[in-house]
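Each of the next two complexes has subunit A plus one other chain: subunit B in the first, subunit C in the second.
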Partner chain A sequence: MNRLFGIFTVGAASLLCFFFLFLIGSMIVELGQESALKAPRSSEIFFAIRLSLVTATAASLIALFVSLPVAYLLSRYTFFGKDLVDTLLDLPIVLSPIALGAMLLIFFNTPLGHEIERLFGPFVFEVKGIILAQFFVVVGLSIRLLKSAFEAIDVEYENLARTLGYNQVQVFLRVVLPMAGKGLLASFLLVWGRAIGEFGATVTLAGATPLKTETIPVAINLSFASADISSALVFITILIGISLGILFFLRKVDVFGRL
Partner chain B sequence: MSSAASDPHLQIDSLSVRLGTFHLRDITLSCSRGEYHILMGPTGSGKSSLIKSVLGLIPIWDGCIRLHGRDITHDPPERRRMGYVPQNYALFPHLNVEENLRFAFKARNISRRDADSTVAELCGVLGIGQLLERRVDSLSGGERQKVALGRALAAQPEVILLDEPFSSIDEGARRALWFELKRIITEVGVTALHITHNLEEAYALGERLSILINGDLVQSGSKQDIFEHPLSEDVARYLNYRNIFPGVTERHPAGTSIGLGHFHVIVGRNIREGQQVRLCVRQQDIKIIREGSPLKDSLRRNILPGRIVSLLPLPESCLMWFKIDGSPNTYDLELKFPAYIRVRHKLSPGQSIRVALWEPNIILF
Partner chain C sequence: MRSRGVLVFLLIATVSFLTCQRNEKNMPESITIFCGSASKPPMEEIVAHFEREKKIKVNMIFGGSGTLLSQMELSKQGEIYLPGSPDYIIIGERKKLLIEKSDRIVAYLVPAIITPAGNPAGIHSLEDLTRPGVRVAIGNPETVCLGLYGIEILEKSGLLKGVMENVVTFGASCEETATLAALNKVDAILGWSVFHSWNPERLEFVPIAPERIPRISYVPISIPVFTKDSDLSQAFIDFVLSPLGREIYQKHGYLSSLEKAKEFAPQAQVGGEYTLPAEYFDLLR
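So, the complex of A and B:
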């Protein structure tokens, strides 16, 4: 029985790894054949990469900044309605990104949405819309990851710092943040990786205008739509490279254990 | 409960704390300046909650805490000037030993010169000068304890609260460290409130002791008071006193006789006849009679014949279970005596012997 269970677990893992390797391998073979036929336009590639990097970084930084106090609150305090707040903040994790994008689009058609656009400029079909869409898609994940990072820190460290003369803000800055350092870095990278691959909410709120709101996932979609397989493959390869790079870095700095 | 010290440095008055379904009720406790006070009690009795409420980390429901006469009940923890050594020491893992020691200085705006001299002084007292550059995760249990103590003392607290400071230290190293800790605290001259559930540790270190059972402070007093005169059966049971019997008092020419079923015990005190009491004899206050040897007066009144049911030799002592002749019980008394007695008396299970109760130490509730 034990041997059978061992074969089952190793077999499942091997099968899954083989499947992923096959997917990547077949794409590389296809890329070699397509590149020979037609070279993709470099200006479009660089625009999509630059836009993706800028928007994903901005959205992730904002998400991290907003998530820090929320995650700390949820990890340290018990209050009336906590379960409701927790559930509400988890919504972006399970909600379809297209639905989230549609909700944002509808919001900007309300008086409050108009007022926000009047104050901060247009979001719909704009780069700002990409950042906003990515932010809402990743903020739930960011809160969840940071909450885990904070929960891994024994509250006794904070108690002790209070007795040594530090107030709550100083404790957060001088004890909690340094001790959650690796967890924060891991959270940021995972959130950034999720943001750079975001498509559904982005395309719904910011549209898919070439050389305007064309992030890497939007570019893949546009390339496929216009049967430009070479460009699509290049964009997919870039996205895989970024994703593998993040995952490799996370493993190297040994932060998975904290999440 | 014994009266509070005449000049209380730390005074806890009628403190009540509510933690879900668990309550600390009406706790009154005082420590004079420089006193080493032990707070003991079984696991889950509320010892850690009590010191966390004194530190200001748990909100209190009612009562008052005074430090040198100043009401600090509603002060935040950072303004109480109380040092804390938690059970796991909580040394900051992202800082080395020296940075841990200096941690309090930044919060209190201590000048570099004063900080340097305090660190040097602490290294001298604690003997940790050679550890300053070390990472905290490379330290032994005893070294961690000293660094945690040094970090707390660096803030120059009025009172230091130690929560089970020996719980992470190997059994073999503990005893030496008990006296090392006491020496350091005495040398620094700070008032200490030390939590433990270890009776030997409490006895070895405490000048005054308080016992907390299920959220109630049931007795507070000197070490002798607590160990020789527990005020209730709960305290006696917590102190691991096994020989506790219900009985009824009867008049006796020598004082009072207490009928305990199949045997009776005579005490020199006059107690009203017919009163329901509980009698407690500590394991070490039951002596094995060496036939033919002269008997001390305090042992003459209560001599009980019987036989040894079983013996449990321990490294430093021996436990014996004894059945009184005519008793329907498996055993009646538990005795504890130095290990060499077993060899000297050639004791073995089934052997018939006589034991005597040391009358001055018979406890009645």
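So, the complex of A and C:
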């Protein structure tokens, strides 16, 4: 029986790995068959990579910064309407990104939206729109991940620090944050990975403008939309490379288990 | 230490927001174009010329024609709308998003059979599409005008039933239908002759007998009601329709004059409406 179970687990894992490798392999073979002539301009490739890196990093940092107090609040306190708050903040995780993008587009048509654009400059069809769209897509995930990281820390450490004279800010900055350090890094990387692959909300709010709001996923879409498969394959390969890089780094810092 | 890092980050974010705002204010005159993805290669070239000559910044937003119309409606922006086919102009005008009668014809689209490179199934005529085992794709006739034109050709040729039996999928847009052939997912699609020019290495073009084409379509250009400067919008349209603009479209495989389009379909009507026949819905069941 034990042996059968072993075969089953190893078999399932091998099959799945084989399938993923085959997916990547078949794409590389397809890429090899394409003539190099049709590849996108290198300036376009570098632009898409740079924009994706910059926007995903900015969106993830802001998301993490906003999530820190929210996740701490949700992990440590109970209050009236907590379930409601929890549910509301989970919304971006389940909501389709295109719906989120459309909601943001509608929001910028309201007086408050106009006022925000007047104060901070335009978001709609601009790079700032990409960051905002990615932020809203990942912030729910970021809160969820940070909450788990905080919940893994024994509250006794905080109580002890309080009895030794730390105030709540000091406890948070000098006890909770350092203890959640690896969890924070892992959350950031996962959130960042999700942001860099974001397409639906980005394209709806920021539009698909080459060399302006052209992130890697937008570039893939634009290439596909003009039946330019070789360019799409080049961009897909880059996205796979970046994604595998993140996951590999996650393994290296050995924090996956904590989540 | 950490809080200081966060403060520095916030400071940088605020400064970048403020500088962005200042740049916006100093920006030269600019227009926003909502352009169907299929027209991306020629339009990018035309826009480069336009920007150089008129010293006006052009923002191009690409996407499916319907998606762009929704984006325009929600953002209340746009100086130019250039969808892939005239049916979106009708929708846009009905929704009062486009200035009525502001549309012009940029290029003509002639229906054709498109096959993957090498034409593996040996398709040479509409009749070949009825052969057992041939895998065919068409644009979704209820949402993509390409599909509607395809059904009309098949109905008028008496081949609707035979070909529909071989239709394995519907493309959700013109580009998606072309991609089905480019990725060798089907043996043939009913597309526009220009598809071949989009990807000549992967797609082959089989002309349909001229007398069998009842209607040709076109790429329209129109002015949204949200335009900040309708004169500038009109100036852009004039530039696209100028000999230079037409030459660029032609270079990318489009038929930029009616005479050229008529060579492929002498009796065809340009644009107009066609209603899906009851037979089509019967076949779907």
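Keep this in mind: the second predicted complex is superposed on the first by the 245 of 259 C-alpha atoms of A that agree within 3 Å, B and C clash if a C-alpha of one lies under 4 Å from a C-alpha of the other, contacts with A are read in each partner's own complex, and residues count from 1 in each chain.
Keep in mind that, in the parts below, a contact is a pair of C-beta atoms (placed from the backbone, for glycine too) under 8 Å apart; a residue touches a chain by one contact, two chains touch by 3 or more.
Since the model is a prediction, treat every value here as computed from it, not as a measurement.
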item: Partner chain in contact with A:Phe46 - subunit B first, subunit C second, else both or neither; value: neither
item: Touched partner set for A:Phe18, first subunit B, second subunit C, both or neither; value: neither
item: First (subunit B), second (subunit C), both or neither touched by A:Asp228; value: second
item: Which superposed partner A:Asn167 touches (first subunit B, second subunit C, both, neither); value: first
item: Which of subunit B and subunit C A:Asn109 touches, first, second, both or neither; value: second
item: Subunit C versus subunit B, contacts on subunit A by residue; value: C
item: Touching partner for A:Phe249 - first (subunit B), second (subunit C), both, neither; value: neither
item: Which of subunit B and subunit C A:Pro210 touches, first, second, both or neither; value: second
item: Touched partner set for A:Tyr157, first subunit B, second subunit C, both or neither; value: first
item: Subunit B versus subunit C as contact partner of A:Leu61, first or second or both or neither; value: second
item: Subunit A residues contacted in one complex by subunit B, in the other by subunit C; value: none
item: Subunit A residues within the subunit C interface of the complex; value: 35, 38, 58, 61-62, 65, 102, 105-106, 108-109, 119-122, 124-125, 128, 173, 177, 203-204, 207-210, 212, 222, 224-229
item: Complex interface listing, subunit A residues touching subunit B; value: 154, 156-157, 159-167, 170, 174-175, 178-179, 181
item: Complex interface listing, subunit B residues touching subunit A; value: 52, 55-57, 76-78, 80, 82-84, 86-88, 90, 92-94, 103-104, 106-108, 151-152, 155, 157
item: Subunit A contact footprint on subunit C (complex, rising order); value: 2-3, 6, 9, 13, 17, 20-21, 23-24, 32, 37-38, 40-41, 44, 59-64, 70-71, 74-77, 173, 175, 178-179, 182-183, 195, 198-199, 201-203
